[in-house]
């Protein structure tokens, strides 16, 4: 039982990191209907921004996070302008966006590699790495921090989307971009904001990830897990993204814990396909019938 | 119809753009040892997830090539290094090796920095008749397979079975450990190799493996595996992989309250290990090629640090030795012909910084290299003892 | 003889009844009109007949066999095909290829025969090409056979969609607002064309349309839907004189051109 | 450039080309995107290697069986995932590719993550093998594309619902397309295995799948000649860029985005070389006509 709870806690801890990544990706998906494979690259740069803010600018942690988030927000918006906007003007199918995103991702990873080198970089420790202990169960302090920060920011995002005017515009646009445009929503601006928010979350995810682990050019690959999590939960659904990410974390922990650490990812994949066979739009995704 | 024209034009432009690049690239002429220049190749990861090791090797060899040229060159000729990226992939290593041999006309290839790449070079080297001296390719099959030696593959590092057995024997015999746990990277050949031979040796000596858990390259979260390991109550934990994951493992293990002795292989030593988990790594023991207190080691470390602003990774030392072996072979053969160099390499003896190297003509492995056991104390790797099995 | 029969057909989305207890009989060889205000459930009915939506209740018989629950392509293979309100052509393919693609069922050569260009494939292709050319002629599309479907003028797109549907050699053709967005001349031309293909291919037609002229001229019988339910059913004369229809649908003054 | 090196690059190009022809059927003609085809490549590579090394099966037969093995797995995976829409399918294929790699890493009898060596006495993939196999594949696939079955692929790419109502069993055709692509990619894997004579699962990662897909897209969706050109250009570009080492993929990534932005339909944009020749011929005829008139 103690072991089960420890596995559960481990699962939630890694799941909350996935969640931070998944939500930014899913948000962009909900508007643009394509998988933004550049998200991982932006997260990676967020990690670097935060790292350099701390080590070179000697910024305190909260300021470094802020700087990183500002940086990635700008980066995400610039990427949107340069790589996606021209495609949108041509009404290119989503395949082209995905390839463009792939190109960006290759570019970002390798430019960091070429300029900063392949070194692993490490955030100075924020706390000692002892955990809290409850009985024999350990809870990492960083995990708690990530969970708290993650929850606050995700609730903030939900509030923004549910309660504000721009949130309404985002919801309208995600429902139907063209119709929203006809209804007088400035969809250009909405897209701008959405990419900005995606970048903001990527920055936060990057800093948290860097703080928890290390920073290096290939770290963006971890977002593959976030894509899987998003599909688990249902693409384009924010609650789905969170549910999907946390469940993926727990599934991985349980598969490692009770079945085999060798086959962890395989088990996660089999479960993913099983869920998709039963619910083709994920756990929380809307099952849509094609309109004729 | 205009579209068809733009299409044609863009095609021509793109092709034109890249063909025009070629002449600008160094070493694109027909190669061979024309005139006073002779080329030596290096291959390895400059991109991809093992780039950190490849970059250090390339830097080291460039440094050595410059030094040779400052001292009058190799057999009177200016040495030129052609260093090419493999992205850490076997098939890329194959293409790159062919290119170095056929186009650049290199006389010997140094590197690569992993077995996965080195195994890809075998057919290319056999087709081209040029020797390769691998730096850190520890899989036995690189030089010797099914009772047959690969004629053109050599190496200066010791092989997986040796390291794994040394770690196991040391843990059992010297540390008195009987219950070992292993965490390993199942997608990394180096890690699975060490694991296999560690377990074999440890069980042979009479110890038990109480837990064997895996992860995949790219993973950074090991807590669940460590939770399982903790509940198996081992008295030693073997971590046969590279320092980034080693540091993270140590951190997470301590967080879980898993206070057990750590032991590992030559993937450990790096300045960066201390950035990740200095406190958590204290007292950790690992098998290595060299003693860091050795003056030769310190000279090189200083030279490298002065030149590149950061200390070398372990691969740098082996790259150094690979180059020295190459240089010695050329001088012994007194020839710049690849076949002559290959012959000279068999049985050559060189005092490297990772120890005394003698290439066994039967297996093309260095023989008599003793493993060193080092302990982490503060920010230093303290030499404990030389150690060997069988 | 009844070709298509709907019995108490019902479709609900969530709790919302889009089509409720609709019964309808379409006679072989007739042209049957389907009218009603926007949102009355006309297109939904088409989606139910062609199998794009599943039924919530009732049953659909085609040539006296139930077809509900079959996949759309099976229903098409049985001889029911359709056009779409918001034109769905293969936009990047040429006019010729659009029709040629739709002919695919008129020959049966296999994948292996295709891979190796065996005689069966060559004969089949020859036959399809002839059929396509004939059809393009009938639909007056031969001049534009190499144009991408997406680049055709609107009226031609509608026409091409009908040509593509007819290429299947269906028994029953469902037309969803074929005259939408056309000017009176084009509408008239379309009317003639529908009559022609019907005659030539021995079709039965079920048509949704807002152009009252077209409907009243073309149809043998008309069904009026309102809020997903049948409001009236009868000959064009009966419908025009039905007080419920006049009140609910044709509105003030019985203006024939009124859209809603 | 020396001929031996060019030969090497040409063989590489040919292996990539076969895989790209396969993916072109799936992505270019049927409009389905897969990030898991490296998995099929791995299956083909390992199957052929096991056949030639352990069972002494001749090279060409081993390739054929390798292709069929990949095809067989594709039918199972396709059955489960081809009903999924858009990005759900993409992510599912991504998961499949990673899982296959994991399985090969884990499965020790064929070397696990330490790789599988093909002894040097076994046949090496040669330039003529590559040319023969690619020619056959190109002719067969061109035949298929120019048939009712090929047109059904394109119909599905253009408009799924319209395809259904003209009686196309879209699931069956997607399966067929997925199967064909897996077979060709599997054979390409077998050729690759017999070129480097060494197999290691980490070579079949997602980057590989992405790279193949990028070749299809840059060549132009729905154009076989585009795929050929895309493959040749994209295999040669990194070779020319080799001396840039670390900067190579920076430039490559930039180029990918550039092409997408400037010419999103790819180099050939749905046209075939034959269309281009026809167009040039028509221009020439017209010009001659004009000259004659003015004379």
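Points worth noting:
Lettered A, B, C and D in written order, each chain numbered from 1.
Please note the rule applied: a residue touches a chain if its C-beta (ideal position, glycine included) is under 8 Å from a C-beta of that chain, and two chains touch if they have at least 3 such contacts.
Predicted model only: the values in this text are computed from it and were never measured.
Chains that touch both subunit A and subunit B are the following: D. When every chain is represented by the mean of its C-alpha atoms, the one lying closest to the mean of all protein C-alpha atoms is D.
Ranking all chains by how far their C-alpha centres lie from the centre of subunit D, first place goes to C.
Per-chain Cα centroids separate subunit B from subunit D by 33 Å. Subunit B and subunit C have CA centres that are 69 Å apart.
Subunit A and subunit C, compared by their mean Cα positions, are separated by 46 Å.
Shared interface positions of subunit B, defined as residues touching 2 or more other chains, are 47, 51, 186, 214, 216.
Contact with two or more other chains is made by residues 102, 106, 161, 246, 248-249 of subunit D. Annotation for subunit C: residues 50, 52, 84 touch two or more other chains.
Here subunit A touches subunit D in the complex through residues 29, 33-35, 82-83, 86-87, 90, 92, 94-96, 98-100, 102-111, 113-114, 224, 227-228, 230-231, 235, 262-263, 265-266, 268-270, 272-273, 276-277, 280-282, 290, 292, going by the rule given at the top. Across the interface of their complex, subunit B is touched by residues 1-5, 8-9, 12, 101-102, 105-106, 112-115, 117, 119-120, 124, 192, 195-203, 229, 233, 236-237, 239-246, 248-249, 262-263, 267-269, 271, 275-276, 279, 283 of subunit D. Across the complex, subunit D meets subunit C through its residues 140, 143-144, 147-152, 154-155, 158-159, 161-170, 176, 222, 270. Partner subunit D is touched in their complex by these residues of subunit C: 50, 52, 71-73, 76-77, 81-82, 84, 88-93, 97, 100-105, 107, 109, 111, 114-117, 121, 124-125, 128, 164-165, 167-168. Note for the complex: subunit B touches subunit D at residues 1, 3-4, 6-8, 10-11, 14-15, 18-19, 21-22, 25-28, 30-31, 46-47, 51, 83-85, 88-91, 94-96, 98-99, 101-103, 115-116, 119-120, 122-124, 126-128, 139, 141, 145-146, 186-189, 191-193, 214, 216-217.
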